[in-house]
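Below are two complexes that have chain A in common, paired first with chain B and then with chain C.
Entry: the complex of A and B
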């Protein structure tokens, strides 16, 4: 029973079927809360955060949805039919997975996957591509920043825009604030199984963006089941040039440094690329004002000229235990 | 009864000797007491609270009922000229050191000074941070035994030292050797401020020069210089030429037309000039904007001159005749046995947009100003006289202007232009697409 319950809550989120919106919202909220708040720069303070965060996150979702989707389709609500459809679709996806497994990884022939040198992971060519992303800002902890995500001109790129405000929330604890972020959703398989990306044959991240001169932070998160590691991520910076031209940003994975709860760790470890769960972009440059970032696509590729394994060596001054 | 007598006796002792018992009565942590006894530097607050060597008399309550003065705030008010600059800040810090030989309340003073630094404009000055660290008494907070360093020795003072370093970090000030010597002298090598210092030294040097599009720390104040800097920043082509089409009216030398003449600065590359000369006059080109560009904490606005993307049937591929070079072929259609291993292209159609012909930054964002820019462009681009130019300006820059302190002067809403688009608001949100 519990399984069915969970599975329903998940499927409602995915399918946007004629839903009793009120009922599904709490699930939506709590489901994202864990994920979003763990990527924040600051720890969330105060009791009862779950409810407020859930609300706000749902609010964000609604805003994005307002921007993205056409007016909601009018049809009658039928629980039995919806449940049946969901079960059917999950089993269909399970069948597809099993069939794909015999063809090769990700349903493609093995030689094709092995020979691949460049791969597009996220692209923005339609409104359904925006559903793979979450936007969040320090509104979740009481700040004033705003961020929205929508399709750009001609439905060819994603436009992330909003206003950054470094006004600290008046909760008596936080002294600083001001961030906006865009995070990719964790890919899910049939029956909401967690999936991950395997980029171990590539060594560079590629982004085609256009910004307004502000620096962004690119965060990559590894897939892990350990709850102790849920705040760990690997980050590097993405500098935008500004101006009317598109810009190609190539970040080698060896440059990503390791951090936990927003603090750089003393012991640095390389980013392991075989289980990547999500990528995120954070803006927190302490400058108040509007911002925008247009993203064409995000990919990974192999740069044969790049041979560096890891850019940061550990210091014996900080970690004497690593050098014993 | 004997217990009360003992307390009285102890109090008397503490008054006379100023050491052990006073500290013990105030409840100081145990390891500090043994240290203070021989030196007596840390006289307890309870024993001497009302004695005469509290340097300045307690300040009068402030006139406004807003909030109480922080301790030591009067030191920052004694400036003879009342100016808020580095000299007065240094003088306030030195006054604290001179009047307060025993450095009483130095933690409060340092926290206050950290808050005041931005007002005095010294938040990026390394010498001032070193001066602040110098306020700490030396050698007092150093742990003397391993137990002291295990249980954090003088935690409030260490926190204060970390706060100084953290403010340096958030303003991007790299500590130097002097900072290191001061920290070793104050807190010792095995302390949290020293750990923070080592981390800063490590990571600051790693990330110091990673910005591939550097912006100078001190931006020019002159709007024309700032516009030229921003245009150079945006344009990747180094052969681009910056032209000042109109200087601001204060030192006007260009044309004597109107009273208020905002500056107009533009940039154009030779390639863009050639592309504009080749442009089909039947197709209009557009002036779009304003779009925002951030140079550190300053926001400037620019406009672009662009055309729509040609439909695929009208695009002409430039052909290179084979006889241009007799020794080497100009085009190679050979397939060197390349296989899928060598395919480094992404399997996606990149977003294509129409060509950009020029960029400009102007002091005003209305159509009259931008028309002057187009007129100025016609001198170097005679083809522009035949091409119809459509102004697609944002009617209201409300999106861009929301809640900001570092912005340029707000661009006034342009007058009701003839060709302004109705969906300007939407265009504004779309950024520069």
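Entry: the complex of A and C
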């Protein structure tokens, strides 16, 4: 709870000082530097963080498309204007990129980046935050699961809900089915250049969620340039409690195990944090029925008590190739 | 990797470079390059995780493309001159193709994109070999064809490399990427002087290899790969921390350290050849490199980086890594300036 409070109040950096400066000391004395930093923009906390239980009801109704315009208000669509606006926005982003490059990594001063011990990466406070996520289910392969994503009550969380169905598609080749997933979009720079997250100074993933007791899988993908790597991901489980209270899930990155094409491999590799591409939540627990998951924010932080580098070992019996 | 296998692979890498250096037949030079490329792939994949495999694949694709272009240049030269012997007279088309191929192998801009990615993806020791030993063969071939290289091709590439090496390294917090951009910048300096005085290029290469070797060994000694972990080394190995200061300033080219020698000699040679704008631009862009080296020393040596209390009273374990060459290399990397006149033996 204290950690949540720290996240929300933004006081998760070292003690601030009024101005940066080097303490004047004798010539051979140790120089101490006071690193001054502006507080990070904290997530906007609503007046009441307790969502009522009424929020949990009525999630099983079918969601209709939200953007149907009435016949009288037909918006004018100009193709040329749209193209020009798109090009202008890309150049604007390029200019911002160049300006941010002068400031420091990720557009912030270097000392701020180096001193950071906790960071909120994704939060759900508006419709634009939902655009950073993709939801998918086995409907793409012919299954019957449904999944929807919408903003929660008071725009303080996102609600992922739907119905899981493990009925296999009748296409003659699929034997199993039944998954729903929510995956973050790959961050893009100007001209749709692929970007990645650098979480190398953090060691734990922090999620504030409220589920329905179902086990979810958290999947992290690294930045991929080559074709083979798009099937590789690192996963771990998140067990939700299902109560009315929010749950703080902390998963150290050392616990994530490696899988390729959906199968956990004998050869296990550590999750390298300097080029993270996306994170995803998958539900595939073979239990048919409705589900929901409410997410407040997703962050990363450094847990100084966690010193494990990698939780799994490779053995010569399972994987002799690695020990040649 | 088992020692006999590692020995064989390293021997092949060394043989490949030696074949390139000692051959006068263009096909043997190409064979030497190929041996080098193929043998270094298992070394890059020493720690076989997906990132290292991706880095090795990128390296292999780039080097294979460069070898292809080199072979094309060799074939064009054979068509024009009728012989395979490496000589100082090359037809312009062949010279252009070979220059582009060697620029790709070296990581000169605009073919530099693979250098930070590959260096970051592999283990420190593999990155060490990548940024030092692998530069020798292409630079020595560039040395031999230097009379026929088109300055209008090589000089812009060199200038772009120095700019990109300085600019790209500015916002990096990963040490291997910093060293990769440092390598790109140094290759730019070497490419500039190859046209006017190739001996200075050899001098720059020697001092660059020694400095980079020492830097890598210091980082391996501390097992650090990020600026943040390097900033905590004052508590664990205070002597190494002070050596990092000297080394970074030497890499940045500050007198009276060894790194100043190549910069001084190159600027002197360029001005002797009545070029004023080029050395001015080179000297100014070297400040970008110096900026990020200084930032590294600021967080590491010059200031005590903020840390938690348990870091300040950390129990120091003896480091079991044996770096026997570290003391002599450190001395050479920092104290060579007074014997600069002696370096004319490279002639």
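Criterion: the second predicted complex is superposed on the first by the 249 of 324 C-alpha atoms of A that agree within 3 Å, B and C clash if a C-alpha of one lies under 4 Å from a C-alpha of the other, contacts with A are read in each partner's own complex, and residues count from 1 in each chain.
The rule is short, and it goes like this: contacts are C-beta pairs under 8 Å (C-beta built on N, C-alpha and C of every residue); 3 or more make two chains touch, one makes a residue touch a chain.
In this text, all values refer to a predicted model and were calculated from it rather than measured experimentally.
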{"item": "Contacts of A:185 with chain B and chain C, given as first, second, both or neither", "value": "neither"}
{"item": "First (chain B), second (chain C), both or neither touched by A:265", "value": "neither"}
{"item": "Which superposed partner A:312 touches (first chain B, second chain C, both, neither)", "value": "first"}
{"item": "Contacts of A:243 with chain B and chain C, given as first, second, both or neither", "value": "first"}
{"item": "Contacts of A:274 with chain B and chain C, given as first, second, both or neither", "value": "second"}
{"item": "Which partner, chain B or chain C, touches more chain A residues", "value": "B"}
{"item": "Contacts of A:195 with chain B and chain C, given as first, second, both or neither", "value": "neither"}
{"item": "First, second, both or neither for A:115, with chain B first and chain C second", "value": "both"}
{"item": "Touched partner set for A:132, first chain B, second chain C, both or neither", "value": "neither"}
{"item": "Intersection of chain A interface sets (partners chain B, chain C)", "value": "115"}
{"item": "For the chain B and chain A complex, residues of the former touching the latter", "value": "170, 195, 198-199, 202-203, 206-207, 210-213, 215, 230, 233-236, 291-297, 299, 302, 304, 306, 339-348, 350-351, 353, 356, 359, 399-407, 429-433"}
{"item": "Residues of chain A defined as touching chain C within the complex", "value": "14, 22, 30-33, 35, 101, 104-105, 110, 113-115, 198, 200-201, 222, 225-226, 229, 232, 258, 267, 269-270, 272, 274-275, 304, 321-322, 324"}
{"item": "Chain A-touching residues of chain C, taken from the complex the two chains share", "value": "1-2, 5, 48-51, 54, 57-58, 117, 120, 167, 170-174, 226-228, 231, 295, 299, 302-306, 308, 310"}
{"item": "Chain B partner contacts - residues on chain A that touch it in the complex", "value": "112, 115-120, 123, 144, 150, 152-154, 156-157, 159, 161, 163, 165, 206, 208, 210, 212-215, 237, 239-246, 264, 266, 286-292, 294, 296-297, 299, 301-302, 312, 315, 317-318"}
